[in-house]
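Before I ask anything, here is the structure I am working with.
Naming follows writing order (A, B, C and D), and every chain is counted from residue 1.
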Amino acid sequence: MTTRRTFIKQTGVLGTLSILPFTNSPGNVQESAPVKPGSRWSDGSRLIVSISMQFESGGQPDNAESPFPQNIEKGFKDLPAETWYQYGYKEGIPRMLDNWDRLGIKVTSHMVGSAVLNNPQLAKEIVERGHEAAAHGMNWSKQYNLPYEEEKKFIQDGVDAIMQSTGFRPVGYNANWLRRGENTLNILQELGFRYHIDDLSRDEPFIIKVKNEDFAVIPYTLRCNDIQLIAGEHYSTDQFVRQVKMEFDQLYQEAETKRRQLSISFHDRIGGTPQMVNATEQIIRYMQQHKGVSFKRKDEIADLIFKDETAIRE
Amino acid sequence: MTTRRTFIKQTGVLGTLSILPFTNSPGNVQESAPVKPGSRWSDGSRLIVSISMQFESGGQPDNAESPFPQNIEKGFKDLPAETWYQYGYKEGIPRMLDNWDRLGIKVTSHMVGSAVLNNPQLAKEIVERGHEAAAHGMNWSKQYNLPYEEEKKFIQDGVDAIMQSTGFRPVGYNANWLRRGENTLNILQELGFRYHIDDLSRDEPFIIKVKNEDFAVIPYTLRCNDIQLIAGEHYSTDQFVRQVKMEFDQLYQEAETKRRQLSISFHDRIGGTPQMVNATEQIIRYMQQHKGVSFKRKDEIADLIFKDETAIRE
Amino acid sequence: MTTRRTFIKQTGVLGTLSILPFTNSPGNVQESAPVKPGSRWSDGSRLIVSISMQFESGGQPDNAESPFPQNIEKGFKDLPAETWYQYGYKEGIPRMLDNWDRLGIKVTSHMVGSAVLNNPQLAKEIVERGHEAAAHGMNWSKQYNLPYEEEKKFIQDGVDAIMQSTGFRPVGYNANWLRRGENTLNILQELGFRYHIDDLSRDEPFIIKVKNEDFAVIPYTLRCNDIQLIAGEHYSTDQFVRQVKMEFDQLYQEAETKRRQLSISFHDRIGGTPQMVNATEQIIRYMQQHKGVSFKRKDEIADLIFKDETAIRE
Amino acid sequence: MTTRRTFIKQTGVLGTLSILPFTNSPGNVQESAPVKPGSRWSDGSRLIVSISMQFESGGQPDNAESPFPQNIEKGFKDLPAETWYQYGYKEGIPRMLDNWDRLGIKVTSHMVGSAVLNNPQLAKEIVERGHEAAAHGMNWSKQYNLPYEEEKKFIQDGVDAIMQSTGFRPVGYNANWLRRGENTLNILQELGFRYHIDDLSRDEPFIIKVKNEDFAVIPYTLRCNDIQLIAGEHYSTDQFVRQVKMEFDQLYQEAETKRRQLSISFHDRIGGTPQMVNATEQIIRYMQQHKGVSFKRKDEIADLIFKDETAIRE
């Protein structure tokens, strides 16, 4: 069906097709390939690509930010903006799910609780098709300003929504606009989370101590993120392709001697458009032409980093 | 599956291939080609392209939004902005009409009543050259906040302007910035409309019930829309070309197994510039190289979807 | 001196080298070439390109708009913004003048009176090198809200500054941001002007009546204008190249059967940067490859249109 | 080590490989090559490229400007924005330092005092690897509105931070957003500085008198500056590449007969991303293909211009 061409790029490492791009299977840890000399990832990957597919639509508040002029009179619902959000679950997520299957990769989907409850079948399908369900709050409210117990309920409610709809227990967290508060990490630790992504400080995951226990940080980016580039900075989709490829080329080079992770983020109503799914396919197929590139869910990355004695600890 | 490229570059010259790009004739339903196995459109089209040419200029209020600095003192008319709008009907629409002829396609023109009354001859010419006249309100005012009867008059006045100038009775509606109100669909139904476009939720038309009767939704987009991309997001015209082509490529692929519609929207003063008409020609000729692509007016799409038993019903 | 390559582009019109691109000489009317059949310009040009090189820097008010954050405390001069404006006359205009010489073309320079008085030698050089000096107000103030006599003095002071520094008597006018008032055209007529450019409504010049006498409108554009695209819409310089070429290609086609004018505008501190002068050279050399393209000062265009019986009259 | 390909571009100057691109060594004045006839730089360079690598992160105030929505409640720290800044010194500067080594060039790093104190080891490494440490204020506060003695302390504190961490005594200054005050140059002179960069008026350095003594101005640009183009104007990284190359091409041409300098500026958290370091490498390798291009620290440029009798004096 699809053309999956794998070219060997000679990057100083002699190779044959013995190490294939890693595919992810739901729930199973990929059986480890023999560790390559010089490889910085303990599973032998040269560069790990972490893709996010955020599921938020259907859970947004009334009159949430949208491309529409905000001059709507008080008391009236913004009907066109509602339809713009509906696109996220009617077309966007389904299209992206088909694209991940076509490309043979698994992703992490941070799901807002209210979006999950609005579309439990879709949330379940995301998990059934092999992707990770991670938490993204109960709704779009701010959490950083809540007292401890309220913030804990806010997070737990979102977790419950995911669990009851998908059967998957989230171990990773993403706050709205990355804006966690002073208590958030403690709460996550308490609730059994293993990692969070609300950190832009590095191009590789690292371990921190939360209440004296290891907790993983799987960093996020804005510069390879559709809500920042397409919605916020008005990039055309071809600009997105070129910029992410430039990011990849540089990280792939660095990955010869350093542990490197490339993070790309898509949001249902933005990354799920035909033009953006086309862009995404171009980017991923380009990356798949390079030896040693693997696509992992963030829970799998967390597993790897926890077991890695060379991991950065802050 | 396969790359299906069939070159037909015809600018009025007969072609040799058995399935020609569908041209539209005003008023007539295209005689149906034999239904292709797997075709999702009942007329055998693989992908339907719906183009809008909005006719608004000449009907704008004083000091309407424009590229000009808004710091104009109270009591003074914005003379340069007026000339910017005049371009819409002096150069923009005429240039676009010539382009549709050159490309052999028909479009839907949502016409604001006050723009029509300002230029009845131009409105009439749009219809005489085979395009659909659809309604777009009487003027640029908000309608979503009007009481039922006032909103009904607002819509009807716009319909009357179109009918008296063109002889064409509109069956489709587009609200200013898609912003309909709670009563709009009921009013449209009452006034005999058959479809509206103020919905961004899908990439194919669908049927809803309005007062228990079927009503069609022919979805619109912002991401292939000149007022959003060129005027709002400051794309250069070449970005517009690449982005719409990327949209097309993906929808064309999906159209092998799903009913798919590509919507592109132009506004008189924006899409009618030389650089944008050039962009449009590039896009359409690219699409016309692909087998099974047809360009339809929205009233024709509504006809198709009403008769389609497999249509999505919400 | 310059390399002037003229390629014949087969666009359906067979041609020979009998009609060369016209060069402009200061003051002289180009001796007319034999009128080509179908040519819409009375001098046989196929497409006329009108380039503006606005000279404003050095005349701006304190704390004029600039790329600098505007949060400067009251009572302090914006020193870096001053240096940004200085670039306009220290580097910008000189670089553009060299470029026009290299390309063998003449342009129209709308000069703000205060900028001229700040740099009379530069203003004089612009004229000595063959370009037209046109008026652009005495300073950057608004004029549309002034009483008749004040607005007349505002315009006349700017004219006097130009005449005393350059010896050239301006016959054309450009208001700040095109924002003329209700009296402006009457005043211009009274002061002996022959044309103004503050009109975006057409892609060809036209004649209007001002106090019953013919007055020419040489239209301007924002969409091929560096202050709009580069400064306002944040285009990169390569986007500017592609967009103006797309504009040219379409107008060149239309010019086979219609009178067409392409307007491109540059402002000292924006169009005069190395990257923009490079962009400009690319654009103009591209246009110069096409037969029948001539570059004219606006006073020359006004001359042509006044004598043209087929000119549009509004 | 690095692939250093030097192509000879015949630009009218016959040449062999006798004059190589100049590399810079810390502290040493490059032994002068024989002066080329027509060369406008006294060391024989055709075009000098001045690169800035600004080191600011870690020294920013709470809730400093960032890509994050600014609607954060009073009293709360912006934790995600903090991580965005951390990227500047955890990944950005280290990546850029590796890139300069790979390309064999030296740059000027304007360092904010508070950033230096937060990361003295990194500041020291910048100097040890051959780059110039220049001053950029003690912190991100405004200085233009301070009384003389306070502004002097503000500058001196920043100088002290650099000296105690790196051992390097800064001789060049850059104010926050170029915004110096009426006293700044006098203060710099008094404190022993030799040049400042807060001037956009020329494409070559020049000499001014400050309290009757020579002081150099090494001009800066916004149009080849990552904080302006990437952060402010939302360019994609490929646009940055094309625009700077266009700037280079034009200045390289002009440099045949004029003294020309190309200034490019990078800021830790912006220019240090993988996509931007990739962009930078593309640009610099392109420039290195041209004969007579040298990359110099600004203190070296100041040395050159002070000794140049043909320097512009204002």
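Simple rule for what comes next: a contact is a pair of C-beta atoms (placed from the backbone, for glycine too) under 8 Å apart; a residue touches a chain by one contact, two chains touch by 3 or more.
If you want to know which protein each chain is, UniProt gives these names: A, B, C, D = Polysaccharide deacetylase.
The structure presented is a predicted model; accordingly, all values stated were derived computationally and were not measured.
S.K.: Counting residue numbers used by both copies over all numbers at the interface, does the chain C (Polysaccharide deacetylase)-chain D (Polysaccharide deacetylase) contact come out same (over half shared) or different (under half)?
M.R.: Mostly different residues.
S.K.: Could you tell me the distance, in whole angstrom, between the mean C-alpha positions of chain A (Polysaccharide deacetylase) and chain B (Polysaccharide deacetylase)?
M.R.: 36
S.K.: If you average the Cα atoms of chain A (Polysaccharide deacetylase) and of chain C (Polysaccharide deacetylase) to get two centres, how far apart are those centres in Å?
M.R.: 51
S.K.: If a residue has to touch 2 or more other chains to count, which residues of chain A (Polysaccharide deacetylase) qualify?
M.R.: If we look for residues of chain A (Polysaccharide deacetylase) contacting two or more partner chains, we find 234, 239.
S.K.: Think of each chain as a node with edges to the chains it touches; is that a line, ring, star, complete or other?
M.R.: Topology of the interface graph: a ring, with each chain touching two neighbours.
S.K.: Which residues of chain C (Polysaccharide deacetylase) touch chain D (Polysaccharide deacetylase) once you look at their complex with the stated criterion?
M.R.: The contact residues of chain C (Polysaccharide deacetylase) facing chain D (Polysaccharide deacetylase) are 67-69, 72-73, 76-80, 83-84, 86-87, 90-91, 95, 234, 236-239, 273-275, 277-279.
S.K.: Which residues of chain B (Polysaccharide deacetylase) touch chain A (Polysaccharide deacetylase) once you look at their complex with the stated criterion?
M.R.: 1, 142, 144-145, 177-182, 198-203, 222-224, 228-229, 232-235, 239-240, 242-244, 246-247, 249-251, 254
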